[in-house]
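By written order: A, B, C and D. Residues from 1 in each chain.
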């Protein structure tokens, strides 16, 4: 293998385009081909990136010997089958988050990667964000003392994506705001904390504002325009707690709810100090010295985490060294999603050792 | 009985003074006597209110035939014994919140009141706040639809009271921020919601910032100055969830923590609208009409809820009619405190039907 | 003339593209041709909009008989010469704001339009924003009483555009944050207020943070990347007052300054109520009724003001009726810019009747 | 003279009580006597502080040989006559801010103090606030570079004091929010900046919300309850600019206005950094180092500035050394008030050298 990996894009929608754009700027990556069942988006991406090889069936792309690795950027329920096919074809895989719609599928994917000796990296991009890594170093240094509580907020007012499309269809998405936004926040917390053992999850999801999609009022909609004949049976609101061998975690998330407060942050409460990560926008440290309490906030721009994650992917494929976003690292977050949905369904706390 | 009740103050500290000041302005109330083991505070209160009868032993006050009712404003662990003594003396009782340090004591107090046919009202003053009652009417009207989620915040940065005194001594206070501040918030939520059945509580308290009182940095301290030779073994931080037959409830509270964000509010999330109660400072409604979403906020001053609660107490004593703050009404909040502390101790969700 | 006007784009940079995109969606508009001296951006725009006629010299475009009107989206100092050329060629003109780099040029342009009987409309897009028009109607209705004070904020932390390029070159831009952002705010205020007579302006601009462009720290830069060998001799900060026959106006604006507070709003203070326009993001009304004070905020999405302004432009060209953004309407704002720069230079208040 | 000065309180209202309380805790001060024409407040203060000598006529107090100095805490229009009487009696004087209702009176007072060789110190308490002095040191150190702009906000929503009493009566108060609140802010800015020469003032006051006192809606009122048969002819809102030989200053203040935004701060904009003083609540520094921009905020409690100002007063009386709040230091702020009122009346900028 050279000092570059050949990459094939599977899925040429919004996510696939972001993958391609980042790959084009990431060291060690060479974009080779793309696949999508939709001719329109496939051609658009190929034109933009000067790709000659395009496939309407991703199985054909998997036979291309110049392709060392593929990216999987498709609706959630297709993550597992496509990833398994790619691994079976001995390709390394970069699969967008969430790993899959269920923990069982995620485990199957991890096992397949292990069996085939191929790298399977998940698109939990925050692990490659400068701010997140700076906080990780501060927490690990002991500067803020024992972290005993973490509070996670990912709340918007009117942000249900692609209402009536796959995003709001439980059978294709696996869930709503928890599996779409929550996974990012939970995973980065576990990354920063060094993956404390999960003991229990108790939470509740709510699907209240768009049961009748036509009654949902909004200003804008991302991902896709509303399809009023589609379904919305996933939670647009979620809240609950996670018990771990380390800190106690409280979370609240909303694609939409009837309180107009945007809140996207994670608070790390330590015995000697605290840190608020403003999601995607730096962080503030609350500390103390011999004389007084203080707050301080560096204002600087993170490097592009999307480019970094692909450079990191290529490096780990080339070297065989572990990647901080290897599927094994992300399994705890995926497990928590499963436990959350079970807890919400059963109306009770779910223990990890049940 | 005339159209006025004679009242004796038991406990002449900060709370007792607030009781006396409010009673002096409340219809149907006549301040008659006061008791405290501390001569200084007793005299000060008596002078301020022109009281001739003062007692260093409250047992003596209880023998006064002109006293129809007493107020109990003493450290939490004395609520139960003094209330039971007062009921035994056939006095009606206004007991400051929390009811007691344990639910078992609270039940004993309720039973005693029932047995003696005397009114036992708890100082959950928010039940007499205009804003709270306006929200209750809006919720009951159905205007915001089914309320499926309630979020409670009572968070400060540096507000541990009387560090090293009874407030931070588990044996005398029964707990920390949950029993001191949390009880107000939980009780008002149950009042507004019409007391949905409690199914389970899962939470965690933390006592991290003042284990060594001398290491706790602060700007001001209320209730009393710090006593560095005292103990702090109660939670200054708490978070968790409450499952009910109605909405799912998420709460976070802090006398102190290492994130400098003051947050004192309750969010009611309904299917058709939402309400944020800014604790002690009005509320905002998030609604929608045929055309658009909106927020609206009345800016007006609530009447004095402390005066109202004593007028309400007197009225219910005189008429024998139920009081919205009768001990039976407040038992659910007290029960939740017990379940919270058990959950925090056991590290698991506590079911009401266990 | 049919029910559609033929339009030629002059200037195919960021602004020109926005013009073209909006025109493509605006009723009464037909995009016919484009001109730019930069072949690259010209071709890109032409391809995107399927234009067959492109010109590297705008003079050639002006000879095209199918073109009824042109848009001028070029550096500020070229607004006047190109507009005058277009009018000379009997074209109607839609010229981006600011009108010109000086009031003298602006007057020349107005006179030329008048002389040629052609419409000259300025891109003060806020006159076509729903929120602005709703506020105008509320103010005119008298609901908030006499408006006696207006406060304008257009402050950012690190937003100098294209440092070292034409934006920061006084000879080409005419000024900095006042002529670039301020003109929008001042013009919308005069639109809402019904153009009260201007009596005096007193203000001060500051060019402090990027005198040495290499020393200016930033996170992102819009318009263009920094050119460290260019100049920055325009004000990145401005503040002052405007005396009118109506309200007193206070303004502060910053492309950049050393206080990290983003503030983009206009407050209208009336005797009976007030309105805060959150620039580009709706508004809040502060009112009172017989019982109480209140705040209320509609949350709805404005229609696309850019599309509306071009539809309005086409309609006024077709009908010959006045346009709310005719150059005469915008002259007061341009006059204020001149007075501001003179005041800043002279260090004193400039009277309109001097 | 011993190491303590004997003090007499003139004026036993809210301010007089604050004086007395602070004096009781200030080194070098001994409270000896008090005077007020209102027997009630006089007795209350005397009882609280165990004073034996009380006078209903302050002239009698001025004959007391044990009194070295007096405090003047009375309605603004009485500052000058009482201070002049006290100086005439060879007493040192601590006069509450503003110095007087006019600059002419203020000059007379300064001249009298000079002529009698007595200290005349003004109650501009912020000069004794820790935060203000820390900012002064930072500005003087050059750390934030040249300060080119200062923005002052002292805005409330509904805070007209004692409506219909002396506070809102131009003949007794001299003005409204500018002379009451503004003087504090302007004076502290001049203190921090080292008193740059004033060149011009241009501003406008508005008296709109309580012309008919009965129509003014509020929640609370400080100083005194409303007197609906009184007048309100002072400005409750003010805004304008101050040109100096140093920074350009923009100010806005409101006892009341129809935008519900409380804003009490001063921004110092420097070429290399900035500082926001949150009035009475610490400050934030916006700086930069070799790598990045940052904000930092010490959270600590200032010592009691009121106690400090009296200790400072006593020290300067005892030593004869200048006091940072000597009347000469405060004259520029008083001058600006005069210029503001003239500017508001005349509708134009007032030059210092006119």
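Convention: a contact is a pair of C-beta atoms (placed from the backbone, for glycine too) under 8 Å apart; a residue touches a chain by one contact, two chains touch by 3 or more.
Here the structure is a predicted model, which means the values were calculated and not measured.
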{"item": "Most remote chain, CA-based centroid, reference being chain A", "value": "D"}
{"item": "Chain pair with more C-beta contacts, B-D versus B-C", "value": "B-C"}
{"item": "Inter-chain centre distance, chain A versus chain B - centres from mean C-alpha coordinates, in Å", "value": "42"}
{"item": "Length of the line joining the C-alpha centres of chain B and chain C, rounded to whole Å", "value": "56"}
{"item": "Euclidean distance of C-alpha centroids - chain B vs chain D, Å", "value": "41"}
{"item": "For chain C, residues that touch 2 or more chains besides their own", "value": "219, 260, 292-293, 295, 299-300"}
{"item": "List of chain A residues in touch with chain B within their complex", "value": "144-146, 148-149, 151, 158, 199-200, 202-204, 206, 208-209, 217, 219, 237, 239-241, 243, 248, 250, 252, 257-261, 267, 269-274, 276, 286-288, 292-293, 295, 347-349, 351"}
{"item": "Interfacial residue positions of chain B with respect to chain D in the complex", "value": "157, 219-220, 260, 299-301"}
{"item": "Chain D - residues contacting chain A, complex", "value": "291-300"}
